[in-house]
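Given below, in the form of structure tokens, are the structures.
The two complexes that follow have chain A in common; it is paired with chain B in the first and with chain C in the second.
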Partner chain A sequence: MAVPGRRRALSPRALPAALGLLVALAIWAVAASRWPPHVLPGPLVVLETIVTQRSELVGHALRTTRRVLLGYGAAVVIGLPLAMALGARPVLDRQVGALLTLLRSIPPFAWTPLILLWVGVGDGSAAAVVFAGAFFPIVRNARAGIDAVPPSLVLAARNLGAGPRVYWLDVVLPGAAPMVFTGLRLGWALAWMSVVAAELVGADGGLGQLILDARNLARPDLAIAGMVAIGALAAGSERGFALVERRVLRWRA
Partner chain B sequence: MSKAVALAGVRHAYTEAGTGRRVEALAGLDLNVAAGELVAIVGPSGCGKTTILHLVAGLLKPDAGSVTCGGAPVDGIGTDRVLVFQDGALFPWLTVAENVSFGPRARGEGTGRTAELLAALGLDGAADRYPKELSGGMRQRVALARALAVDPAVLLLDEPFGALDALSRERLQDVLEAAWLRDRKTMLLVTHSVEEAVRLADRVIVVSPRPAAVRADVRVDAPRPRDVTALGEIRRTIAQMVRTPE
Partner chain C sequence: MVAPGGAVRGALRGASRWTLVLVLLALWELGGRTLVTDPRTLLFLPLPSTIAAAAWALARDGSLLVDLGRSGGRVLVGSLAAVLVGVPLGAVVASWPRVGAALDAPLRLVRPIPPIAWVPLTILWFGVGELQQVVILFFAAAFVVMAGTTDAVRGVPPTLLAAARNLGVPERGLLLRVSVPAALPGVAAAVREGVGTAWFVLVAAEFLSASEGLGVLILEGRDLLEPARTFVGMGALAACGAATDLALGALQARLTRWT
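Coming up: the complex of A and B.
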């Protein structure tokens, strides 16, 4: 209930987190000192690469981010209404449900060769793989969220005179929101994994390509720099997700 | 006086989910409630009280007999008969004010009497809070206000204060009585507290163990606000009936 105090609670938590990070860096540095730099470069070498190659890194990161946003956006725009339609129409739910279960058991990366064949190398194919990764967790969790709305609230809404519009927008949507967010977050994480997988197989630029090229050039420092960039982007944006989620779902606190 | 709610020869049986066994909840129940009357229903737990309310609310259909409201047969859920649940069933994502105005807003009538009801039920200071931040007593005030906001002909209360501590319970009884005195809505109050029934109701209906039938129909004529200690006799009589099987 003491909402203002919550922000301050962050700093005592940040300390152990920073400590853990430091220890990991130290272990990395020690390990790197025992291997030649063309096998395992140390943190400082990687940092230097990040600084000197920053414009190249940013360029690749932008391409990757664009593909993620394209594929993920499509997954949200198609996935959420589909979940609502499935929740509203039991017959449709049974018809499509089994198909979805089958499709979502296929790892998104397994789509890559087919998609490359159909779409060709480019932003479109990478975005399509992202879509395949993000779509299923989004639909599945949103669908489950609709069922998780307590029956007494559904009853109360109808009893108080809610028509279909109010029922869906003001009762089902907020009631399902916690699980919808779970799906959105899972889908987001999978989107980043999928995009790198797609770029590793074939793409015009992007962080996945950068990592692959680094291998071909025998530049492990550049590969690690690319990995750091992906990790930072995915983790950083996930953080933003958590902030939005806490805001939208503040009634749960 | 006109009949606000009438059940005649109502039978209702549930089919148990696992076994398919029929559970007869009501076997020919008759009950009449006049417009503006506050009627309490008491009886042992599991006897069919909730079933009675759900039939009037239109959540259930009788297997036989008739359920009418204002002379018209009950056909499904309607805003003329609003249920108040024991746990309030508040929308957790809406503030107190938004919960109370839900009904009027759903029907495109703006916020309706929300401000007035918040004041009347002592919810002024809590208008912007979420249900999570409220005590049990406050939550039930909101549930009551939210039901009154749609201005139903009949209010159906299913052990609305059953989960509250003794003190909040008494306060909420006062709040309910005040709301009733102000609006004179027809109210059906299911309660397992004989004291609560005697304190609030014009009439106390004592229901037999399942299948429910009306065992006694006791009019309480004492002036309001009532002093329950002065109603010891009637309380004992009713409590005795609730306890003994026949």
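Coming up: the complex of A and C.
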């Protein structure tokens, strides 16, 4: 998209987008008026719930976020060095790569019952499911990123006598960075999906639990409020992610 | 590579790829048999032989097949619905900017909500049953398929369209004769990804509200304190997901052979 045309290109889309939102809200409101509120609450009811229950929502959101950060942090701290090790040692790459291929096919949420059996209900088990979700995309993409570093750069660095520090930090890492970020982003999205699954199946507190409890209490307005909170957290943090990514990778443009 | 004995060495190398996996399995089995004195430990981590026996038993009494069929059927129906809705919607969003913006804006707000978070509400709306399961998988896959299709159609090179126009393809024929074939590889990739997502989400949906299926098998293992069943379910699920992906990958390669 050319920069000068940007402002002009934006406005013809902004109006239909606003219109689309309004129509969607109207459809929701009309539908809600035809069903009882314990089946389908209207947008205003949900908004009211969000406002009145905000402290409860924030409390659950904090618990959920902490679990995501714990599991995701562990996935990054273990995953990135592992990917580097795999990139450096072909034997390891083949052997551990085969193991990872097997494990990767298992949907991360499928680990939930085993993890609950091993760890018990709590932040640890939810974080472990998050780890299972985020780990594989992070490792896989970082590993692919190392392969994506142009061989000419690697050879040049070697020929010019680069030590391991220069080689990894100045050649491999910048070269692999775009893919590494892709993995980090994919892992982040899966982390949020995983935490909800973990909290729905067994956890005390957290937005997933809130949504489930809300249904049991026949409070769909509260369930939707919880879903809105998860969506907002996931989307907002992804936006932040994209900003950081653009910053770090600015030199590529 | 062409050196004599290369084929043998290649085969050996292929087999040696699994050395670590086999060694780990052997250590797991032997360690469990020799080191573990408290049999209760094996309730938490069953031996590979126990898991294999459980798999054999479940396969023989046919219950594994029933679970497989149930889960596979849900993924199939949910994915089909996702393709039928997601591909046209994605194409519309990409081809008509104004209509697309109007359609896309509300969906953009819904998309970040993890599909699994819809489970409680869909149970409330549709009750516990196949429809509710399929709706969740549909949600999970449709967004992926739609987003991928939008990207694919948007990625059709404008020069291609201009060339077709110049060569006399009527405006109405552009979509079917130029845009669709040019976008096909991307759409096929999106469908593959969507089906993969459906397999991923399936377990979580089945955990919460299903009476048969691989997710139920996995959850049962924990509830009955027979984690071997859980492992069998996880293995079957992984195999199904991987097999579907391979099959779709082959289909994708076939459909887009000309690229």
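Keep this in mind: the second predicted complex is superposed on the first by the 230 of 253 C-alpha atoms of A that agree within 3 Å, B and C clash if a C-alpha of one lies under 4 Å from a C-alpha of the other, contacts with A are read in each partner's own complex, and residues count from 1 in each chain.
Note that in this section contacts are C-beta pairs under 8 Å (C-beta built on N, C-alpha and C of every residue); 3 or more make two chains touch, one makes a residue touch a chain.
All values reported here derive from a predicted model rather than from experimental measurement.
Shared-chain residue A:V76: touches no atom of chain B or chain C. Put chain B and chain C next to each other and count what each touches on chain A; the higher total goes to C. Of the two partner chains, chain C is the only one that A:P220 touches; chain B does not reach it.
Of the two partner chains placed by the overlay, only chain C lies in contact with A:L116; chain B stays clear of it. Judged by the touch definition given at the top, the superposed model places A:G175 against chain B, while chain C stays out of reach. Using the contact criterion defined above for the overlaid structures, shared-chain residue A:A162 touches chain B, although it does not reach chain C. Legend: residue contacts after superposition of the two complexes on their common chain; A:V139 is shown touching neither chain B nor chain C.
Once chain A of one complex is fitted onto chain A of the other, the partner contacts of A:W251 are limited to chain B, with no touch recorded for chain C.
In the superposition on chain A, A:V46 makes contact with neither chain B nor chain C. Annotation: chain A has no residue touching chain B in one complex and chain C in the other.
Residues 57, 59, 77-79, 81-83, 85, 87, 89, 91-94, 102-103, 105-107, 130-133, 146-147, 150 of chain B touch chain A in their complex.
Of all residues in chain C, only 13, 16-21, 24, 44-45, 97-99, 101-106, 109-121, 123-125, 199-204, 207-208, 215, 218-219, 221-222, 227, 230-231, 233-235, 237-239, 241-242 touch chain A in the complex they form.
Put simply, chain A touches chain B in their complex at residues 1, 150, 152-153, 155-163, 166, 170-171, 174-175, 177, 249-253.
Chain A meets chain C in the complex at residues 12-14, 16-21, 23-25, 39-40, 94-99, 102, 105-114, 116-118, 192-193, 196-197, 200-201, 207-208, 211-212, 214-215, 218, 220, 223-224, 226-228, 230-232, 234-235, 238.
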